[in-house]
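In what follows, structures are represented as structure tokens.
There are two complexes below, and they share chain A, which is joined by chain B in the first and by chain C in the second.
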Partner chain A sequence: MSAPPDTIEPKAARATLRGRPELYTRYAADQALLNTNAKKFWTLALLLAVIILPFTPFATRAWLGNLTVVMIYAIGGIGLNLVTGFAGQVSLGHAFFIGLGAFTAAFVGGTPGRTAGGLELEMWIWLPLAGLVPMAVGLLVAPLAARVRGLYLAILTLGLVFLGEHIFREWEFVTGGFIGRRAPEPVIAGFNFNQRQEIFGVDFEREAIFYLFCFVLLVILAVLARNLARSKSGRAFAAVRDRDVAAEVMGVPLLKTKVLAFGVSSFYAGICGGLLAIAFGQITPENFGGLAGLLLSVEFLAVILIGGVATISGSIIGAAFVVLLPRFVEIASAYIPFVGGQGSGAFLTIFQVNQILFGALIVAFLILEPRGLFGLWLRMRNYWKAWPFSY
Partner chain B sequence: MEELIPVIVRGLGVGSTYALLAVGFVIIYRATDVVNFAQPALMILGAYYVSFYVFNLGMPFPVAVIASMITMAAVAALTERIALRPMVGEPPFAAAMVTFGVFVALFILAFRLIGTNVIVVGDPWGLERMDFLGARVNQIDIAKIVISMIAIAIVGIFLKRSRVGLAMRATALDQEVALAQGVNVGRMFGLSWAISGALAALAGMLIGTAAGGVSPLVAFVALKALPVIILGGLDSIQGSVYAGIIIGLAESFTRTYAGTYAPWLGSNFDIVVPYAIMIVVLMVRPYGLFGTKEVVRV
Partner chain C sequence: MSASTRQLSEALTDTAVDAPDGSSILTVTDLALRFGGTKAIDGVSFDVKKGELFSVIGPNGAGKTSIFNCLSGVYRPQEGSIDFLGRSLLGMRPDAIAKFGVARMFQNIELFDNLTVLDNLMLGRHQHLQYGTLAGMLYVGKAKNVELANRRIVEDIIDFLEIEAFRKFPVGMLPYGVKKRVELGRALAMEPKVLLLDEPVAGMNVEETEDMARFILDIRAELDLAMVLVEHDMGLVMDLADRVMVLDFGQRISLGSPDEVQSDPAVIAAYLGEADEGPTLADEIAESKATEDAEEARS
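What follows is the complex of A and B.
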């Protein structure tokens, strides 16, 4: 492939660009993921910091576990953001697809029990399947979901969560029924990612290994999602979200776009479910179906609404916020007189405080900053870019 | 036929309670474009106040029911004034989240009042049975059908015939035009919530009369009203009555016959049958049975 004739030669370009980092002479440079030097530097620094973290004294095993859950939630959050944020289809059924992924993983990777079966396969089979099976179900449901919009769609997808609970509970051979079943072991070629290991003479904690594994997955999936969002399909998502009739008039295939959004979103949800199963250790239908399922779906809505609608980094920030906030409330509850744990007789339980905080934050963000925490960051950045002028 | 009658009557009884709840949802949705997730909590508090008025204040049962309906109408109207009125003009999703917040607050209140106990509402029907078309049916089911249908009919006639009802319908149609004609739109919002709260209290009483009594967790029965309103169409009162009855009957029939004729559905399929029906119907009619088709413009 030859370069277009009107672009400046790389060497000359570099000379022109020195001191003018935001002058783009090529379309590709403008569209690049890391299009400024500051972005390049800080992204690299952040990646390094996250990799080094497990080896620093700050990383207790409990906090590494929390951060791992943050990454797993971020994967699920990116999935929901693709369908709800980018394509504008509000889904309350995310918990159903997460549960589907979790039970697929447990069935394909698990050992047969008294009532439940298991295929005892390794992770390089069960993890992709944990994504593909929900994706197949998502593709089946999507043509139906594409017919309805708004509140009808939200309650339709909520129906999936309740139907899902019934299926999870009754299909004992796969799900273990009421009591659920153990999570599969994340083993590839004999290497267990959820066990203390020695690599090149360095001793790794169990939590550190799983943390790094989830981190690698998150980076891969996040970059894939980001690339999808800036491709032709991603622009079709945005067109459908902004005005679906107009999009159709301009030749965007409505059904195909919505089906794609649901399919990819369900794939991410399934991967999230498979990993979440390992983080939980034991999974039951009550984790993902019925009321708990509804709350889980609302939690993921909180991830994208608080983090930032239609941004990938926003989903990650939101996941960190939603997962870590309850931990901080737990720590703070020792110092607030009327908040206590379950059954402590306090005026509000920690669980209730979390519910109220999430609700209040979602409302506050929807009204004050619909772009979420990511929007706050953009505001801050633009303020300092123009400083000391107001614009 | 003999064995069918109790199943049908039970289905109609449950279904008319759902219809009562659904009408409450629909009235608020039509007036304010908000799906009121606080309805389940209003229902539980309504049942609690019936019990409170009967046992603590010694009121006769019918008086206690009316008093409880008035109490919940006041609570609902107050909620609207405090929590929802500031949300006028904000994104509808934010308003829906606010009602969810109200639900959490009222639910915590209900937990404070009721605790983990089960309370009974002191209804005169109990578990007694009566003869109906040659079959034995529960009195309570007949009571549910009669009371719900009377209440819904009163609301329907009020909306159709009275001056205030006309103003409410005008508000539902177009708020600005209603305002221009001299309708006090804010008061109409409050009134919709009040009616909805009263209906929720009545539904709570009817659900509490079942053998189990009322505990805060019964609130989640009210979630069944969601498939009902979607099936009937979000903005149709008539639709929610038909949909409530369809879903009640379907539930009753599945509970009785699914074990015999379709064991592969698994036990307790009746709990999810409303959602299954909703999904199937939406495939054919995306706006429910009676919902207004949205006119889309570019």
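What follows is the complex of A and C.
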């Protein structure tokens, strides 16, 4: 009945059979992230397309800037998805951790001003710190947050946003007070990722370089998050979300798991904040604290709800949707009679249209497709896989 | 992947108990659990011997599941002691108790609905996955090898329970009988030293019940695993159990071999009211068996 181990999964054996690419003969092939040829091909194609984009005529500076914000939002979205989507701990405090990351970055990487200090360190120090400081705060808050759930947790984390507003306003030495402070320069070993550069004789626009930098960071962080999700800790997150008592009886420590989820999530939020600071140029407490912070948190909830709860790719799709939709509304507003810009006297401003659209979309997705855009994609894929049969 | 099938005893080696045959591995003494003024468990004592199938029966609300909840750490009993392999389980968190080798199947299915069958079983292996979070994020080297080795163990359990077809299905989509099997698989994946089965055949038809009975017997035969079985299906209990404990209103009213328990007047009284001319529990079992046989003959 049993065979010696080396004949069970021979190292030399092909992972799949010729002509049967989806018949796996090894568990490693079955568990791989890109376990089908189609996934490999399209992932590669997408990566290439994103890398080539800045060198095509479509890439205006404004659009590269928009896409960069998409990537930064995607990093933050992945963070929120880890704690809210995977671990099921609804957090409205995401904006607080993003702000914390932004101001940490600005303090560690920035130059001292009249009231604010600055350490003027390079990015290889300030960017990790922008993640680690919020993570430390997240780990500190998590044991409290882990004691409550549902609405109470949402309110508790919401409190962080208002606490954050106060700290961001008052701790002038770090945050620059209510006028805020300039974003740090993303410099590593003298190379500025936010400046026009010439590399091997090729002229790179400022936007193109920062765009590519954020893209590399997003790919790394997304793969790490995806691995986390499919390994021990990710399963523990999902178990705590689905049935916490059963999870505990199965040997999953509840508190430790929730604290870990908050920690990792805050790290991602912090990195997102550090990069967002550069995209904004100037950051103020108004960006991340108080009501604006609440709106930012809700925007990130929209990212994961519209993109797809508990999926990493969904967070990226959702970020693209949430960031780009307002731009399209802006473009479309020129052709819609009763929509106009701020102060144009139109019946609805672009901002109002966006708010209405987001609200309507979140409700629509919750009712019609709780798995979000990623769920729509799955449905489409399964339909064409089975085509022309209906199942 | 069936080429890699191993016997359960080869896949799950941690279930072996280092104790002489016939000695008690789980000893519960004078256990008492109260919710306010309600006594859910009232001074119950019993012991489970190595490799024994110990059954707990009793009318609804007798405290059977409460005993399980005390054993697995979900409830904190006010009095009494629970000793497992020489250690007290009292006051321990459920996850710590799980690490000591107590696995459990729930009465109302408590699977993780959004995870696949595979992931549910892998979650059962949680405490056996010895790698850190960062290693998991990198997913190379040790973390990957540990995952693969445990995937193999999980696949052996999947083969054993004959649920290969459902491997990649989210369990929320599965039919009831299969879910129960997955739950048994998840408990097995924990590689326990004692297995608590809370109504494993509740709501099942004859075929599913027989399948489950077969799995339970096979687990015994292969792993020599001590099991505690709570069940309302008297036929199953009397056929499988080595010893039976009967509870009523939180108190132990009988403990002994299935035959002894069936003829115990206290048990008959608890189940059927005061015994005058009415049928005995043994009669009831014979009757339920006759109906099962008739049902089987029809199908």
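Annotations for the structure displayed:
Rule of thumb we're sticking to: the second predicted complex is superposed on the first by the 375 of 391 C-alpha atoms of A that agree within 3 Å, B and C clash if a C-alpha of one lies under 4 Å from a C-alpha of the other, contacts with A are read in each partner's own complex, and residues count from 1 in each chain.
Please note the rule applied: a contact is a pair of C-beta atoms (placed from the backbone, for glycine too) under 8 Å apart; a residue touches a chain by one contact, two chains touch by 3 or more.
Keep in mind it's a predicted model, so treat the numbers as computed, not measured.
Superposition model on chain A: chain B and chain C are shown accommodated side by side without a clash.
Using the contact criterion defined above for the overlaid structures, shared-chain residue A:Ala246 touches chain B and also reaches chain C.
Taking the C-alpha centre of chain A as the vertex, the lines to the centres of chain B and chain C open to an angle of 80 degrees, rounded to the nearest 10.
By the touch criterion defined above, A:His166 lies against chain B but remains apart from chain C after alignment on the C-alpha atoms of chain A. In the superposition on chain A, A:Tyr27 makes contact with chain C only, while chain B stays out of contact range.
Legend: residue contacts after superposition of the two complexes on their common chain; A:Gly113 is shown touching neither chain B nor chain C.
Our summary of the superposed model lists a minimum C-alpha distance of 6 Å between chain B and chain C. Comparing the two interfaces of chain A, the one with chain B and the one with chain C have residues 243, 245-246, 249 in common. Residues 1-3, 8-9, 24-25, 27-28, 31, 224-225, 227-228, 230-236, 238-239, 241-243, 245-254, 260, 264, 310 of chain A touch chain C in their complex. Of all residues in chain A, those touching chain B in their complex are 90, 144, 147-149, 151-152, 155-156, 158-160, 162-163, 165-166, 169-170, 243, 245-246, 249, 291, 298, 348, 352, 355-356, 359-360, 362-363, 366-367, 370.
Residues 1, 3-7, 10, 72-74, 93-95, 97-99, 104, 106, 110-115, 119, 122-124, 126-127, 129, 131, 133, 136-139, 143-144, 147-148, 151-152, 155, 186, 190 of chain C are the ones touching chain A in the complex.
Those residues of chain B that touch chain A in the complex are listed here as 35, 90-91, 93-94, 97-98, 100-101, 104-105, 108, 220, 226-227, 229-230, 234, 266-269, 271-272, 275-276, 278-279, 282-283, 286-288, 294, 296-298.
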